[in-house]
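One chain, subunit A, appears in both complexes that follow, with subunit B as partner in the first and subunit C in the second.
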Partner chain A sequence: MSNPTPPVGPGLPEAPALVTDTVTAPAPPRHGKKAKSGKPASLWTDAWYDLRRRPMFILSVIIILVLLVMSFWPSLFTAIDPFNARTCDLATARQAPSAGHLFGRDNLGCDVYAKTIYGARNSIVIGVFTTLITTLVGGLLGIVAGYFSGAVDAVSSRLTEIFFAIPPILGALLIAATFRGRANSILLVIIALAVLGWPMTFRIMRAAVITAKNQDFVVAAKALGASAGRIMFRHLLPNSLAPVIVVATINLGVFIAAEAALSFLGVGVQSPDISWGLMISDARDRFLEAPLPLVFPAVFLSITVLAFIMMGDAVRDALDPKLR
Partner chain B sequence: MRVTKGAKIVAGTALLALAVAACGGGASDSGGTAAGGGDTTPVRMEIGEPQELLNPLNTTETEGSEVLAAIFEPLVEYDENKQPVEAAAESITTTDSKVWTIKLKSGYTWQDGTAVTAADYARSWNYGANQENAMGASAFFSRIDGYADVHPGEGKTPTSKEMKGLKVVDDLTLEVTLAAPFSQFKTMLGYTAFYPLPASAIGPDGQVTQAYGEQPIGQGLFKMDKPYKKGTDTTVDLTVYDKYPGTKPKNWTKLQFKVYTSSETAFNDLQAENLDIHDSLPPSTIATAKSTFGDRYHDEPDAAVGYIGVPLRYNPEFDNPEIRKAISLAIDRKTIAETVFSGTRAPADDFINPAIPGYRQGACTACTYNPAEAKSLYEKANGPKTIELGYNADGGHKEWIEAVANNLRSNLGINVNPKPFEKFQGILDALDAKEYKGLFRMGWSIDYPSAENYLTPIFGTGSIGTGSNYGGYSNKEFDDLVAKGDQALDAAEGLKLYQQADDILVKDLPYIPVYFYRSNFAYSTKVKNVTLNLLNQVNWSQIEKA
Partner chain C sequence: MASGSEPILEVRDLVKHFPLTQGIVFKKQIGAIKAVDGVSFELSKGETLGIVGESGCGKSTLAKVLMALERPTSGSVTVSGRDITRARGGELKRMRRNIQMVMQDPYTSLNPRMTVGDIIGEPYEIHTEAAPKGDRRKKVQELLEVVGLNPDHINRYPHQFSGGQRQRIGIARGLALQPEIIVCDEPVSALDVSIQAQVINLLDRLQKEFNLAYIFIAHDLSVVRHISDRVAVMYLGKFVELGRDTEIYDRPAHPYTQALLSAVPVPNPEGREQRERIILQGDPPSPANPPSGCRFRTRCWKAQEICAEEEPLLQIRTGVGHESACHFAETHDVVHAG
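Moving on, here comes the complex of A and B:
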């Protein structure tokens, strides 16, 4: 680690002309970060150190953990199984909250609390899988386009622009409505959102790769005869990943909101599956009469989306040194 | 032949409904500028967009019929006892239910000034029946002798342009001979399809002109001010016709139909007094309507019926009537009517609606709620373990279908998958293409107030394909009883035979009756004396401006 500027300040004129690396020097961290002794702080350890001290990040992680537990083991939170029709009693439709039914009952007399808890799973599943697909597809294409540039880049960039030109909700609606009933409704939502979601990841990955590929270490790797694949995945990928992770985290929240929008419009998740968007849509007509069956899933939806966006923001702040 | 689309408002998709509803507020305030004597602000009435151009021969749905009923005078109207009374006709007589003599009242003129004659009726009925004109209401003429010549069926060419059963005796007398005696013929004549068209309606190419369909000339109370362009115009504007010989409204002359894509939006307009009459209040507004409109809110029996249809022709799984009975017993009609529909429907207990003579309370014994018996019956009959339940997503059916699905799931212990279709036609197409084999929601709104109208068009063997027998039910005994009822000379005797046919339906349950409609309407403070007739059309001449 050669440093062109001497690490010592001007107040030490008698310092030896040649500064040697001293392992024992208890040098205080200069940038307010703690590096493990002996090793320079990498971007990731820096970021992690930074994140751990952000309340916004801690809060969003807690919310997301609760949501994950909720979607894997909803029965931990409620004893009522909303998929069992026997738990619904039409005669008690739109009943106000009571001890056994914390959030009251919906238009069909089903427990709103249990449905809200079970609704988390579809939102999380759709959010996570759509993000995975868009990140993989967009990221992969982005590296390739950024690294090879020229014709490959031109073609894939134009293709991305075509997809960018389609308004996302309108396009997803079109896909979901056209194929409705021919595939599992959850799968269909994932596909519809992924088809229109990957270009953003593509652009960010491509931009990051283009910046990284002109740096010395890449030139060095090339000079040493590394293959294109090795350069892309060993050198460029780790150094361009940060912005993609940020966007993926934020997008996860956005996809969850988009799923709710599609379900609300009637082309997303279909009954008897449960989704917050579907619950909001079902409760809409009677909102003035019984607002709670709409309010609770809407609040859960907002908190979930907010948690992912907050986490994305925190991660971006931590990963982008310029903002520090 | 009117299949109800639900809350009457027919919108493309849920999305479209949203989009249009969102901009509905701005475009709606165009009335109130007409000139003329008396009170010139119009009485404003809610409708959904008519499906076709305004041609009585091609209008088989409720919205277009509502407009046409204001422009035309039917041959018969219906009194409080649901019996037909002459309106544009002076008398309608028969001795054998086969040959009917219709004498017209003199004094009726077309709104362009010329006199209405019996020949006008004959011409338009012949036009409507002719297969080559492809009019939606052609089946209404099928009982007239000679219908087979003008409407031989798909793939064949008509051998005549005129039905031999129609004979113009003189300017005001029309003699109609039916192919077979039909005791309910007079009752039938109040329907939209039997309105006459003037000679000028038919263009040089022998077809009803586009211009006529946009601005029909009738012989009734109201005359259209300007053509109505479907899809772009949001109102249909009318003025009382000076030379109308019947009763005219006391203190107003202008009528305006406002076209809405969402009945909720229309209700908001009604509350804001931007609308005067709303006759298809959706269930979600009932609580508000009751409390804010008080005695300006009305709830009356309506002659329509809602069913769960069984695809007998398409799926042998439902062949065993015991399975259908078990499904029927598992549906909690009373609670559905009370909570899902907020009392805007009544639990069905017969195939004939209580608004029509012939209804017998509790006739459908399998229409009660008995979960225990339902389960044991269903298990004994080994009914399907998974059932699909199709419905059209554009008519506000989702909630009650979900409620029925929950009933079946918990009472029969089976999987039920509600399946939304964009439009009602989509269900029928999917059934025909054999892509869909499940149960489907079905509704029936009468064409004329006779018990027979709940039997032949929906369950008659002859109505498969040409009529509205979408399930494909066919039972010889039933067909025979209805035919006998048609031929009865005595109304009471005929009714008895129809009821015997009804008994067969109750036993067979080709469809499962779920609810009877009720009509819910409310009106603004600007009008009073608002009443609906048996066909759910407003009695305009009785309305007064407040």
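Moving on, here comes the complex of A and C:
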């Protein structure tokens, strides 16, 4: 084994030279593994393969996983139970951070760290579910309206304009106040925000689909006899998903913040229940004296939104073969 | 006819008008763009019919109607004995197996987010009876080889190929269902001249191999001459002349055809001096409001009163061996190229 392995010579010709007009491919194979494994590739398997190698994606997934564990088992992160009134002490209100109370205490003398950890559940549940509902409903209707145009488009577009005309906070307040007591307050907030949030996704998806559907590959698919469903989900959806992903991930933060506004107005999450939005609005009054009770939940909120935006960005890039 | 005998495609009095509407809520039709206005022809097995004409004369609309992507205003398109313009649902889908198309722009006609394997394999997914599931991948690789691409590139994406290679992918997709007719809508006009020749030669080879019939639409006369058995010249939604390629190129009878041919670049500088240049005046009239009688009369140097009153039909006229639509048709060799 003294000789190093000789380099593989010129190798076999790339293309079988059976016809005179054969052209050799200029593009070098980007993924060495694909030539070897005989498995058929598709957009989604390639995207998944690509995602697993993106540090941004891995980092964002780790952050999101930690946040999810925090939402479901907050006691893993803190020994203090913020729902127990005895852990609060008015005498120590707005106390600076100390060894036992890392983030200090808030206006009521409760531990900010424990509240931030326990607040993750409501905020993340509201953010994630509202985003899921608006994206699914708005996206689905957007594809259908954009593809079929005509009467379907006219009716759904006018419908979204009605929702756009409602001031969002006022509309959510109306919905949440009307059905108050008849359902869980978290569920009410999700429904109120989703009802007012889906038209945005609808408009973006519809616009992207209208751009995509005029391209020749859609005509080619029709000429092959492809059904409307195949054209919408195999051809149009992957080509119009990018802007929807961007808006969905940004909206996630907007929804978490909107929940705070609703709490402030007296619907939505109410004390003694905890959410980041509620904590931010509670700490606002004394912000100049004690900024930390506002800063910590706000930082957690930012990290959450950032993680989702990073994940959305990575997914969007992975779904574009040109960017791989 | 140049080859074959029984027609596999028969087009009768095909008309496609696009309505022009006014108003937002209550739409009122105020006219129509007469994109295709009474076109008839036949296509035999293994034959190539070239269709030439300037931009906006209705070539691409004709292709779309043939492919049943647009419903005609009237007329019929009979593919192997059945009218494709009246077929619906499952019947239409079955008929599509016999008539496929190659599109003009290889940069937009392939879905950028599908692999080549998925693009060429899609016909089999739509027409599941065409190939059993296990065979599809092998069939796709065979098709890649047939069009001169490396079968190992099945997992690549369209952007990793050059324009000519992409057009080969488009051709492979058209071939997948083994149709008898392929409608080529300007298949080479988006490509470099050197690549054009490769793609044309490929189409030529495939025709012989699979006994395909082509409708070959182009605005480049020399490309059409190279591949066609018969050529139709189109002007403002109508055929003005139809005949074998030698008849059209060497003995054109319609003034419009003569003018078109006189504009073809001649590579040999010696011949260039001899040929005539016919320069047409003005622009083609609007297809929404075509001239009465002969549509070409507004730009024709032969026009007389009869041209405005009576529409010349596409028929064999005295002194001309093929069909032409001109009251004063007479053959005239414009190119003198032999």
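Keep this in mind: the second predicted complex is superposed on the first by the 183 of 324 C-alpha atoms of A that agree within 3 Å, B and C clash if a C-alpha of one lies under 4 Å from a C-alpha of the other, contacts with A are read in each partner's own complex, and residues count from 1 in each chain.
By our rule, a residue touches a chain if its C-beta (ideal position, glycine included) is under 8 Å from a C-beta of that chain, and two chains touch if they have at least 3 such contacts.
Since we're looking at a predicted model, the values are computed, not measured.
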One more residue to check, A:174. First (subunit B), second (subunit C), both or neither? neither
Based on the superposed arrangement, let me know which partner A:222 touches: subunit B (first), subunit C (second), both, or neither? second
Touching partner for A:109 - first (subunit B), second (subunit C), both, neither: first
Look at A:166 in the shared chain and tell me whether it touches subunit B only, subunit C only, both, or neither; answer first, second, both or neither. neither
Broader residue contact with subunit A after superposition on the shared chain, subunit B or subunit C: C
Once the shared chain is lined up, is A:66 touching subunit B (first), subunit C (second), both, or neither of them? neither
Touching partner for A:46 - first (subunit B), second (subunit C), both, neither: second
What is the shared patch of subunit A, the residues that subunit B and subunit C both contact? none
In their shared complex, subunit A is touched by residues of subunit C numbered 67, 69, 92-93, 96-97, 100-101, 103-105, 108-115, 117-118, 122-123, 125-127, 137, 145, 148-157, 159-162, 164-165, 168, 170, 173, 177, 198, 201-202, 205
Considering the complex alone, what residue numbers of subunit B touch subunit A? 13-15, 18, 264, 282-284, 287-288, 332, 335-336, 339-340, 393, 396, 398-399, 402-403, 405-407, 409-410, 416-420
Would you pull the subunit A residues touching subunit C in the complex into a rising list? 14-16, 18-27, 29-30, 34-35, 40-43, 46, 215-217, 219-227, 230, 234-235, 238-239, 319-322
Hey, which residues of subunit A end up touching subunit B in the complex? 84-86, 88, 90-91, 93-94, 107-110, 173, 177, 181, 265-267, 270-272, 282, 285-286, 288-289
